[in-house]
Every structure is written in C-alpha cells, then in structure tokens.
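Two complexes, one shared chain (chain A), two partners (chain B, chain C).
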Partner chain A sequence: MSTLKLDLENYKELLQEYIKTQDEQALYQAEQFSKQSMQQNISPEEIINVHIQSLQELYPEMPDYIQASMNFLLETMISYGLAYQEHQSLREKQLELKSEISVAANMQKTLLSTVKPDVEEVDIGALSVPAKQMNGDYHHFVQDGKGSLGIAVADVIGKGVPAALCMSMIKYSMDSYPEMRMDPSVILGSLNRVVERNVDASMFITMFYGLYNSNTHTFSYSSAGHEPGFYYYSDRDEFEEIDVPGLVLGVSPETSYTQYQKKVEKGDMIILLTDGVTECRQGDRFIEQEEILHVIKQYSHLPAQETVENVYKHFERLQDFHLRDDFTLIILKRNV
Partner chain B sequence: MNLTIDVTNKENVAYVVLSGEVDAFTAPKLKDALLPLTKEEGQTVEVDLHNVNYMDSTGLGVFISALKSTKEYNTELKLVQMQERVYRLFKITGLTEIMNIDSTVQGGMQ
Partner chain C sequence: MDFQSCVNIKKEWDIVGARQLGRDIARKIGFGTVDQARIATAISELARNIYLYAGTGKVCFEALEDMNQKGIRILAIDSGPGIKELSQVMEDGFSTSGGLGAGLPGVKRLMDDFDITSEEGKGTEITVIKWLR
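Let's look at the complex of A and B:
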C-alpha cells in the first residue's frame, strides 16, 4: 500500500503542476507515470481513483457534479481494467507457448534430420529453409549400401505445428520400410495408405520419391502430386520439366503410383524442389519458371551445395528476405 | 487481399461464387462456408472460381476436405471457370483426375 500512497502524492504533485503551468514537461512525467504503473500491473480504474483523490485534496470545494462525473467515469473504466488483466495473463501464456514451440522446433530438427550422403558418383546439394519456426517441407536421403540412393522430397499442406507432427509420422513409416522395397511407386503407395488413415481431411502431403542407382546411373521416380522438378540434359544444354501424374497422399486409399525411369549421363542434373521455390513472388509478380531455371543455370558450374545456396540467396533477396513458404531445393549431378 | 464468398441456392444446387485469393488467411472462411453445403443430402455444390487469381495449397486442402465430405454425405462438388494458374495447381496434385472440374479454363487474368 505504501508504494501506491507514494504514487498518489507523486500524481497529485504532477497534476497540480500541470494545471498551474500547462507545461509539456509535466505531460511527459504523466507518461512516465503511466508506464511505471503498467509495470506494476496497476489497472486503469486505479489511476482514475488516484485522480479523483488528488482532485479532492487539491480542490476540497470541487462541485458535486464534477465529483459525480468522476465516479461515473470510474465505473465505466472497470471493464477496461478487467480486459487489461486478461491481456496480461494472455501475454504470459503466449510466452510460455512460444518457448514450448521452440522446444518442439528443436525436437523436430533432431527427429527429421537427414544426412546428405557422400556418394562418389553423384554431387549432391540440398537446402531446406522454413518460412516460420517449424518446417512443413521435408527431405530425406536413404542409402542401401549397394549403390542405391533414395531421395524423398515432401511438402505437408497445412502449416505450422500440425504439419510438422505429420511429417514426423511420415518419416517413421519411411524408416520402417525394408531396404529391398525402396521402389518409389511402392513407397508412395504405402505412405498414401498411412496418411489417408491418420490425417485430418483438409491436410495432405505432396511427395516426390526418387531412387538413384549409382552402378547403372539410372534414376527411377514417382510423384504424389508434388511440384514438378527439372531434368538437365548436359549434352543438349536443356532443361525439361519432370512432370509425372500422381495424386497427392492422403486423398484416396485406392490410388496407385506409376514409376518412371531415366538414364542419367555425365553432367546431367536432377533438380527437386517444393512450391516455396516456384511460388516465389516479387511484389505481386510471380516468378516464372524460366527465371528459376536461368538462376540455376547461372550457378550450375559450382559444386551442387554452392549452387543451391546461391539460388536460395537470389530468391531471398528478390523477396526482401521474407519467405512466404518453406523453401527446399535439391540438386543431384552425375560426376563421373 | 481478401476473399468474398457469395452463395445462392436454386433448387438442389448451391452456387458459390468466389472472388479474391484463397490462401492460409482466407481458407478457414471458405471452409466454414463450403463444408456445411456439402452436407445437405442430394445437393450439388457448384463453385465458380472465375475471379480467383491465386490459390495456395491450404486452399486446395479445403477443396479436398469438401470432396471427402461429398462422398460421406452423398452430395456433389463441381468446380467451374478456373483460371490457368489455379488449374495448374489442381493438375499437378492429380486432383483434376478425381474432381469434377469444368475444363473451360480462363487465360491468365492478372
């Protein structure tokens, strides 16, 4: 109580000074006073109460109607006081949630982490940057030790925490497949059944799954409604969209996926991405496909990891360093 | 950018006219408007996307849940007058194969 009393004295003096001088300085002090009061969780109606008491002490002859109007004001402000209290407790809760989410984001990073494999025959570059704290994009490398390299790129629709949880589910079902069943069409077919059974109706997952055989240099792949990647033919110096049909995961349990195969020549590149790349915007303008390919081409003489990093930096700059969507880009280049 | 949703009913058809952008911000509003319509047995829900110049994957999610709901409640969903950019999204995701989508596609309106 003693501090409030002190505040009352203080407020009374400030008020008296202002009424006398109408000085800016006193107004500034009033602002400081309100800031301090907020720090001490003093509600708006308490300030009005202090105001009334100060007036009474300064002007004992204060007319009744002013006194009455002040009481009226006091009553009116009570709801604001309650709202203020609620605001305070929400702010505390928000801080709590924020720290919980950052713990979850770290866990996700650990759970979903994938090691970019070191393969002599293929130069691999991979980059995934979340737009918010948790990443809805996902990529995963699997090696079977016999020269096969599996690559999954996925985008969970529905963003944020639910999407991230869903991604963990996918990763664990993928980890549980036996190595001899790494055929892209088989993997997508069985993931589709997992997602269809377990995920909320408006959530779905797009995924591209590719299998690179470094003995025969063939690339087999299937797509579940995923943003098309590109294939670069080094002999013709041309890009081609890897546009293959396939329904997104989690919509229809009977869906099956077709598997395609390509022979990869020396210097050829396989470019896999998510729609965070193709949906880049500069102001209101969408980035055209040619522009993306042009940028990739511009950096393609570099090692694959440097290529993807430079492409990312280019689009990050173009969008004023503000990502709208998670951005994932993977490049595989045949070395030898 | 906002999304406006106009619904008119004629016999067993609910005509839904959308204009604006369907993205993470407007998708919940669309979901609230669209899903109840798919739950009235025997009804066809026709969505006009003529004035939708942008849709992201969250918007797609709304149409997927609407489609699932039509199967559950024995109703129908039909999408008409899609712009090219929006159509591309349905095409990539394979949804053009399983959804009733009018093939008249509007050229890229900016």
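Let's look at the complex of A and C:
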C-alpha cells in the first residue's frame, strides 16, 4: 500500500508538471513510470485509478461528467488488465518449458552420442546439427574389432521432441545387437519389427545402414526408404546416387531388406545424408542435387571432417543461418 | 452459509442485474473504484458462464466481517452439465467464452479466494471472496 501511495504522489507531480509545461521531459518520465509499473506487475486499470485520484486532488472542482467518464474508462480497462496478467503467467510458463527442453536436449546429446572411430584405412567425417533444440536425425558408428565398421544414418519423419524420443528407442535397440551380426539387411529387418511394435503408426523412420569392411574394402548396405546417398568414383571423377529400394521402418512387420555390395577403390567416397541436406532451400527454391555435389567436390581435397564442416557452413549461410530441418552428413573416404 | 441477496440468472439481462447488486454491496462494504470494477467483472464472468453453459442458475452475495477484516463473498451456483476437466478450465489460455484473458482463471485473479466444485450432470458451484485492504 505504501509503495502505491508513493507512486500516486509521483504520478500526480508528473501530471501536474506536464499540464503546466507540456514538454518532452515530463513525457519521458511518464514512460519511465509506466516501465516501472510493469516491473511491479501493475495493471492498466490501476494506472487509470491513480490518474483519477491525481485529477481529483489537482482539480477538486473537476466536473462530474469528467469523473464519470474516467470511471467508465477504468471499467473498460479491467479486461486488458486480466489479459496482461495472463500474459505474464504464460510467459513464465514458457520460460519453464524452454529450460526443460534444453535439459532434455542435453540429455539426448549424451544418450545419442557416438564416437567417430579412428580407422587407418578410411577417413571419416560426420556432422549432425538439429534445426530446433532436439535432433530427429541420428547417426551411429559401431566397430567389431575385426576390421568392420557399421554406420547407421536415420531420420524420423517429424521434428522436435517426439522425433527425439523415437530416436532414443532406435539407439537402444541397436545397442542390444551383438557386434558379430552387423549385416545391414538383418539389422534393418530387426529394427523394422521394433519400430512396428513400439511406435505410433503416424511416425515413420527412414534408415540407411552400411558396413565397411576395411580388410576387403567392400561396402555393403541396405536402405529403409532413406534419402539416397552418393558414391564418388575417384578414377572417373564422377558421383553416382546410391538409390536402393526398401520400405521405411515400421510400416509392416513382414518387410525384408535387400543387401547390396560395392567394391571401394582408393580415393573413392561414400556420402551419407538426411533430407535436411538435400532439401536445403535458398529462398523458396530447393537446391539442386548438382549444387550439393558441386559443394562437396569443392571441399573434397580436405580431410573428411573438414569437408563435412565446410559443406555445412556453405548451406547454413545459403539458408540465412536458419535450418529448416535437421542436417546430417557423413563422408567416408578410402585412404590407402 | 446464509446468503441474503441472490440474483437468478436466466437471460443475458440478468448478468447486468447481478453486476449492479454486487457492485452496490461492494461499495457499501467500502471497496474502492478499482476493486468495485474488478468485483463486477468477476460477477459478469460467473454469471455469463451460467447463462452460456448451464442455462439457469443464481449468483448470491454476502458481506463478510470478522474482527480483522471485511470482504465480500460471491457464490455462483447452477445445475447445468458440470465441468469434466476442472484443471483444464483453470488453465490460462483455455477459456472458450471468447473473453480474452477472462474465464475462470481471470475470476481467480480478480478475487482473493477461489473455490470450485463440479459434478458432471449435476452442476457447478463456485465461491469467491475479495477482502478489503
């Protein structure tokens, strides 16, 4: 009560000064007054009340119709005051949610973390950047200790928290597979059953699974409806789409996946990605496949990790630093 | 509880009657202009809920006075369909009566004490109190 009284005195003085001088100084102070009031959660109707009281004290002879009109104004402000308070409480709630999501995002980072393996024969570059706080893309490396390297790249159709929850499930299913059994077709077949049983029918997951054998330099792979990657033939200096058929995970429990194989020569590159890369946009225009390949080519003389980072920077800039979809890019390059 | 003054809510016009009676009582108790306006707005909201969702009901008023403080208690009672999800209607931003920032959370903000009981198919009873400061 005492602080409100103080404000009344303050307001009265400001008002009096303004009526007398009508200068900008008093108006500036009015602005300060309104900011201070907002800091103290004071509703507009209270300001009007202070205004009415100030007028009454300054002009005891104030005509009745002015007084009545002021009361009328006060009444019309009540709902604005309520909306203002609701706004304040929704804002607090939003901050709470934001901090909860950032905790969850950190947790997800830990849960889904994968270590990029150090393999002598293959130079590996990997990068995954979420569009929002939570990442709906997922990539994972597994080594069997006998020269085989498994690489999974997956994308949940959808973004944000639901996609992230879904990915955690995929990660734990994959962790439970014995390291001896890394055949891409077997892994996709088994994940398909997990997804079909546990995930809502409206949610789809695409996945590419590849297995690089560094003894024989063969790359075997299967795809569950995943965005096609690219293969770069060093001798011909040509890219080729790795487009293989396969149904997305979770549609039917009976789905089986065909496995393909490729011999990898020195200098060849395998490029795996999600649609966040191929569906980059410049304004309203989707970029062309050639543009992506051109950019990759441009940086391909660098170590693989620097290549993926430079490609990302290129498209980040192209899209005004605002990703529309989660962006994951993996490049494997045969060294020796 | 012994409520002396009640207004039956049957038509929209009755909302005005309830506001008027509530404001008169609040003024007599000694509430200032701002609080009178807040109390009237809360009454409006309660009465309009009855008019829109229950069809009929009543809003009653009682002046409170004990050793320490004075106040007004308002009871809104109807035998309408009741409210199934109380926690939902008490949530900000849920209000369906079209009144921005109002609804039951608004009534709660306008007043000091707020209590609601509701049973599906039987009706709703809301009691609110505003204390004189």
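Everything that follows uses one rule, which is that the second predicted complex is superposed on the first by the 336 of 336 C-alpha atoms of A that agree within 3 Å, B and C clash if a C-alpha of one lies under 4 Å from a C-alpha of the other, contacts with A are read in each partner's own complex, and residues count from 1 in each chain.
Please note the rule applied: a residue touches a chain if its C-beta (ideal position, glycine included) is under 8 Å from a C-beta of that chain, and two chains touch if they have at least 3 such contacts.
Everything numeric here is computed off the predicted structure, so don't read it as measured data.
The superposition on chain A brings chain B alongside chain C with room for both. By the touch criterion defined above, A:275 reaches chain B but does not reach chain C. Once the two structures are overlaid, the count of chain A residues touched is higher for B than for its counterpart among chain B and chain C. In the superposed pair of complexes, A:336 makes contact with neither chain B nor chain C. Between the C-alpha centres of chain B and chain C, as viewed from that of chain A, the superposed structures give an angle of 80°, to the nearest 10. Applying the stated contact rule after C-alpha superposition, one finds that A:245 touches chain B and leaves chain C untouched.
Once the two complexes are overlaid on the shared chain, A:201 sits against chain B while remaining clear of chain C. In the superposition on chain A, contact of A:90 is made with chain C only, not with chain B.
Touch criterion not met for A:115: it reaches neither chain B nor chain C.
Remark: least CA distance from chain B to chain C after fitting both complexes onto chain A is 19 Å.
Shared contact residues of chain A with chain B and chain C: none. On the side of chain C, the complex with chain A involves touching residues 32-34, 37-38, 40-41, 92-93, 99-102, 105-106, 109-110, 133. Interface of chain A with chain B (complex): residues 155, 157-159, 200-204, 206, 224-228, 243, 245-248, 251-252, 275, 279, 286, 325.
Only residues 1, 45-46, 49, 52, 71, 74-75, 78-80, 82-87, 89-90, 93 of chain A touch chain C when the two sit together in their complex. Within the complex, the chain B residues that touch chain A are 24, 31, 56-58, 60-62, 64-65, 67-69, 85, 92-95, 97-98.
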